Amino acid sequence: MSSTADLRADGRTPAQTRPVTIERGWSAQAEGSALISFGRTKVLCTASFTPGVPRWLTGRGTGWVTAEYSMLPRSTNERMQRESVKGRMGGRTHEISRLIGRSLRAVIDTKALGENTIVIDCDVLQADGGTRTASITGAYVALADAVEWARAQGHVPRSSRPLTDSVAAVSVGIVDGVPMSDLAYVEDSRAETDMNVVVTGSGEFVEVQGTAEGKPFSRAELDALLDIALVSTAELAELQRAALAEGR
Amino acid sequence: MSSTADLRADGRTPAQTRPVTIERGWSAQAEGSALISFGRTKVLCTASFTPGVPRWLTGRGTGWVTAEYSMLPRSTNERMQRESVKGRMGGRTHEISRLIGRSLRAVIDTKALGENTIVIDCDVLQADGGTRTASITGAYVALADAVEWARAQGHVPRSSRPLTDSVAAVSVGIVDGVPMSDLAYVEDSRAETDMNVVVTGSGEFVEVQGTAEGKPFSRAELDALLDIALVSTAELAELQRAALAEGR
Amino acid sequence: MSSTADLRADGRTPAQTRPVTIERGWSAQAEGSALISFGRTKVLCTASFTPGVPRWLTGRGTGWVTAEYSMLPRSTNERMQRESVKGRMGGRTHEISRLIGRSLRAVIDTKALGENTIVIDCDVLQADGGTRTASITGAYVALADAVEWARAQGHVPRSSRPLTDSVAAVSVGIVDGVPMSDLAYVEDSRAETDMNVVVTGSGEFVEVQGTAEGKPFSRAELDALLDIALVSTAELAELQRAALAEGR
Amino acid sequence: MSSTADLRADGRTPAQTRPVTIERGWSAQAEGSALISFGRTKVLCTASFTPGVPRWLTGRGTGWVTAEYSMLPRSTNERMQRESVKGRMGGRTHEISRLIGRSLRAVIDTKALGENTIVIDCDVLQADGGTRTASITGAYVALADAVEWARAQGHVPRSSRPLTDSVAAVSVGIVDGVPMSDLAYVEDSRAETDMNVVVTGSGEFVEVQGTAEGKPFSRAELDALLDIALVSTAELAELQRAALAEGR
Amino acid sequence: MSSTADLRADGRTPAQTRPVTIERGWSAQAEGSALISFGRTKVLCTASFTPGVPRWLTGRGTGWVTAEYSMLPRSTNERMQRESVKGRMGGRTHEISRLIGRSLRAVIDTKALGENTIVIDCDVLQADGGTRTASITGAYVALADAVEWARAQGHVPRSSRPLTDSVAAVSVGIVDGVPMSDLAYVEDSRAETDMNVVVTGSGEFVEVQGTAEGKPFSRAELDALLDIALVSTAELAELQRAALAEGR
Amino acid sequence: MSSTADLRADGRTPAQTRPVTIERGWSAQAEGSALISFGRTKVLCTASFTPGVPRWLTGRGTGWVTAEYSMLPRSTNERMQRESVKGRMGGRTHEISRLIGRSLRAVIDTKALGENTIVIDCDVLQADGGTRTASITGAYVALADAVEWARAQGHVPRSSRPLTDSVAAVSVGIVDGVPMSDLAYVEDSRAETDMNVVVTGSGEFVEVQGTAEGKPFSRAELDALLDIALVSTAELAELQRAALAEGR
């Protein structure tokens, strides 16, 4: 009803994501790249392919996919200090980098990738909530292009299919008692519960990270959030497919 | 049946935790402390109370609870390099410290705590799986004693009740297709899905962190893991109550 | 002649810059911003205004303008390691950040700015030569908008004119014996002499940094490079004026 | 006489150490370990054996023994910041780690050890004075067990005897003009002179580190301190022998 | 005229440098060394020769020359914090180290040097302006001796001539409208424009770094500064020749 | 006899120090300074006086004296990496800095110094053994001059006598079974036992740090080393007095 529509500053229904755009191949240099937007949130995702693996993996016949996440100092409302200036990465940065890496590795067959390395960089140019889930969703597109590039170049045999599925992510939460999808910053900062859900193209879970921001949440609330997340990630998977279907 | 009992190296049933002991007041110096064991996993938890809060919180009338987690270099099967020697904390350490802090803050009324700070240290003396969940479970006991100490000393008014509930945590996972509670290291390294669940004494969720280690997991598997986690955390809450009921 | 035109891979004449575009107000959050392109080189420049100055300047009645430069890890042909991961900023980064800051301070009357701080961030999204001079040229536009914002908001009196002139920069060099403007990466790596020249809107020098890459250079070569630089920076000043003349 | 006995808060005579206990094999994982207590001072010592030596020693046929010392943040009366959080080890930590390493190497025949490495970790769980000397005394027991383990496993030939002697240490000092053994924290902080003495099982010196805390000390005072230290270290050597005589 | 002579506190004419002394072979250990003074500015320059090159250069048949610059903490009027204590090198240090290295490499034929490395250290013992240009001038003498040492020892063939020219540097600037050479600290801090000029023995430019400290400078001013710099660097080249002509 | 004289490469008798020179007031800027040489070992010692004390000491009416020690990278036979480049100070550097600081504080009455700070810097220009003891001996002269400067300037009342005694240090050791004074590097590296002894002008001990390098040492050897150290430090105290007696 109209009462529900009024809940959100930008007029969205609870289960509706912001407008999502994926600008594939944004970088002229990276083997794969995508500039992804969820409303005002903008993340530049690049995938860098290099033959060979780190020393500790050499000789096992498996590849390596890892990710690094960072925010530009003025991607936020107030400028943050650069981590290179502070001389160390913060805990949040580490945590998100690890989450992105795990999410992508869930859809990679490292045997099929062979002894090759793909490093994903997700740099937040503008932040308005949901930067980690936008990063995962955009990174998948960059990764898919880097894998195709490697197959085209012969670094990975044509017969190999390193990607086993697609992967997308959304942030959901309970705001004023109502479960909602794709929280913008103003919603996120008021949420009682915040959950990041990473889901494959075939609808199975890769990560579920729910946190009580204000008060603990019940099993029923958890279930409602998962329902909404599955709807949104299915929509995102469709957008990824569309982006990858275009000629590069 | 016997077939299920055979699943676990130490003869436990799937939903059974390892023997848990809580040695309350282990430290002669800290305002609250507990040496907690889950089988061979041993964590020393201390709570350090200091009047006052960090500068950025001053004057708001609210307290601060934070946590730091660390592993002794030879708490593991192979010696790890010290983070003080490497000159920086790793991502995993940061991530777990933040999780412990959030979990404890979920049961603290920071207004009732007043402008006081409690720092929780969880140092893993021996690691055999489940160190982060053991840390949360032991830290609650140390925290409860530090709060009582502060009320006894008059730093917090007798009439204030900064603790709103208890909190405990368990690691659950799917091993060889079977959902199990309190994974030991050998089980954890074979788990297809690993989930850390933090639950209040009244049975509501504070954190749910599920990760597909091997292959993505279904909604049904997620549900089975949550069922088991609620049983185990209810048992742990009982042990915490018993430990705190004894004279210190 | 055609022989000269053949000198450059992209068909430019020696004194011609690449196509330059300035996307003013790119950031929805910063007080001033510009996405500047010199051909494939793209730099996002933001200006962050905050009332007050660092402690060591307090009470002197003067403002502070400083700059930080950084490259995204995959802005280059081969991925570079992040400085936040290495735990320290490299010498080149420091050097360029200082150059940008000095260049902008040359056209700021810090008394007229009052006790306010403006931090400029120049983040290279894609690098193809001339990133430091593109940064200075774009940063001036972001700075001008931040100063206007501060005057509109009343942080700086309407009667104050903190900007005393405009400033732009270009990289010039001698390639195969021919002085050329705005070197692209392939030209820069072959240059015998490389010079970065920073010039005000009124045509005076702020910085002249000439380096013999291959062999020492003569006074006549130095003069030829300065001639070309003055032509190009005059063109850039015109583009800055045009960008700032549009409604934001 | 009673007057002398009154000198010490816990009723000890000047030359008497606090009760010392050695819990050998405390760690289920390390090749050697001991939890040693001198009164309330408790240090967990582990010895980690690994075949091979650091690169700079390779091919010389000699082994390597080194040590690291650290204090848990709340081992002290007031919580200290973690060195991993500060991002660097302090001077005192470095100094004590080096002292422990030198002391143990004094009783190791590195040729007999072969190209193998033993790393000793001394982590102070509770501190009440004398943590560095307790560390050395406990570390010897852990080291002895790691050497035996290596001989049993065949990493070191049965015929080799890498340990040439035992080693123990005590802190002695002059308090209110009286030379005393094994200073507790309250005594140490009042001591005019503080001396750490490391002695082999056969009664020879490995290290003598005397420091005037308040006023310089005379040769006679130095001699009195050495006398007392030799008595206490002989007692400690006896306790080490007893601990190692038990079946592990 | 007398009016011009009055301009400078120490009675120098505008184009005159301070008394320059070069104490060659100051270090008993380094392969080349010089203690150079420009008035009260004193820099100890050493050249350390080692056979072989860094891994990234191996097998290319070319050598490597690099430089590090540092100031003793009390080389200045007020004590500065050590960079080793701060845990990182500042931007200015980085910038000067890179300048010295580039200047020396401009007169080295790295093919003729063969796969050998020379590291130049310039440590400022006392600072009174012009430390970077004194460093370059002294470093050349140390470098020349290290090259001769390597030829004498046979690390570089007798027939090779790795040095292609000499190199010297001077700081020039405009003070109260007058172009002056070799600014002392009191002059430098009042300069409107400051320029460091690095020139070969044959009078060609290696580096020209001009900075408007106060207000932008004109082409005519730039020309006047270059004129003066060429005179002074020719004098310095003569002093270098004289120093190297003496028996070591 | 001649047989003993033959023991030492430079013809010294066992108890003889190398030629020691103290160039007082070497620095034109520091409040006190000395360039001290023990043979080829050369250390530049400066004392920097500043009114006020670190925040943690404010309001107690006592001053603060601290020291920092460092070696130039090519003060040694083989070039060492700079600690500012490594990004951290090594354990040895920390240890020696702390030793110098403690030694000087032993002869300072911090009440008489008032709320003032003196920082001592000992920078080794050339190292040939005994750098830490040369540093202490030279630092005392720099400290004495800084104290006099402060009394002359009125920062410390004329009636106050912050220095209670002088302090000097020597390195002694057993080489080939013979106790010797002031070991040069070639002797130090062969020593079985090495001892640094810090002694006041009135002949009492401030620090005694003896280390068995090769094999443990007996009480008799310890006594012989102390005898020799007392002779040498008495000679050094005389040299300090002579240096300070000259007009500055």
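So that you can tell them apart, the chains are marked A, B, C, D, E and F in the order they are listed, and the count of residues begins at 1 in each.
Note that contacts are C-beta pairs under 8 Å (C-beta built on N, C-alpha and C of every residue); 3 or more make two chains touch, one makes a residue touch a chain.
Chains and their UniProt names: A, B, C, D, E, F = Ribonuclease PH.
Just so you know, these numbers come straight off a predicted model, no measurement behind them.
List every chain that touches both chain B (Ribonuclease PH) and chain E (Ribonuclease PH).
none
Chains touching chain E (Ribonuclease PH) and chain F (Ribonuclease PH) alike, please list them.
none
I'd like the angle of the rotation relating chain D (Ribonuclease PH) and chain E (Ribonuclease PH) after CA superposition, in degrees, nearest 5.
Roughly 120 degrees of rotation.
Averaging only over C-alpha atoms, locate the centres of chain C (Ribonuclease PH) and chain D (Ribonuclease PH) and give their separation in whole Å.
60
Between chain A (Ribonuclease PH) and chain D (Ribonuclease PH), tell me the centre distance in angstrom, where each centre is the average of that chain's C-alpha atoms.
The computed centroid separation for chain A (Ribonuclease PH) versus chain D (Ribonuclease PH) comes out at 51 Å.
Distance-wise, how many Å sit between the C-alpha centres of chain B (Ribonuclease PH) and chain D (Ribonuclease PH), to the nearest whole number?
The computed centroid separation for chain B (Ribonuclease PH) versus chain D (Ribonuclease PH) comes out at 33 Å.
Got the chain F (Ribonuclease PH) residues that touch at least 2 other chains?
Chain F (Ribonuclease PH), residues with two or more chain partners: 87-89.
Enumerate the ring members one after another: first chain C (Ribonuclease PH), then chain E (Ribonuclease PH), then the rest in ring order.
C, E, F, D, B, A
Within the complex, which stretch of chain C (Ribonuclease PH) touches chain A (Ribonuclease PH)?
The touching residues are 27-30, 33, 40, 44, 46, 48, 50, 68, 70, 72-77, 79, 82-89, 93, 119, 121, 123, 125-126.
Would you pull the chain F (Ribonuclease PH) residues touching chain D (Ribonuclease PH) in the complex into a rising list?
88-92, 94-95, 97-98, 102, 106, 165, 195, 200, 202, 204-212, 215-219, 222, 226
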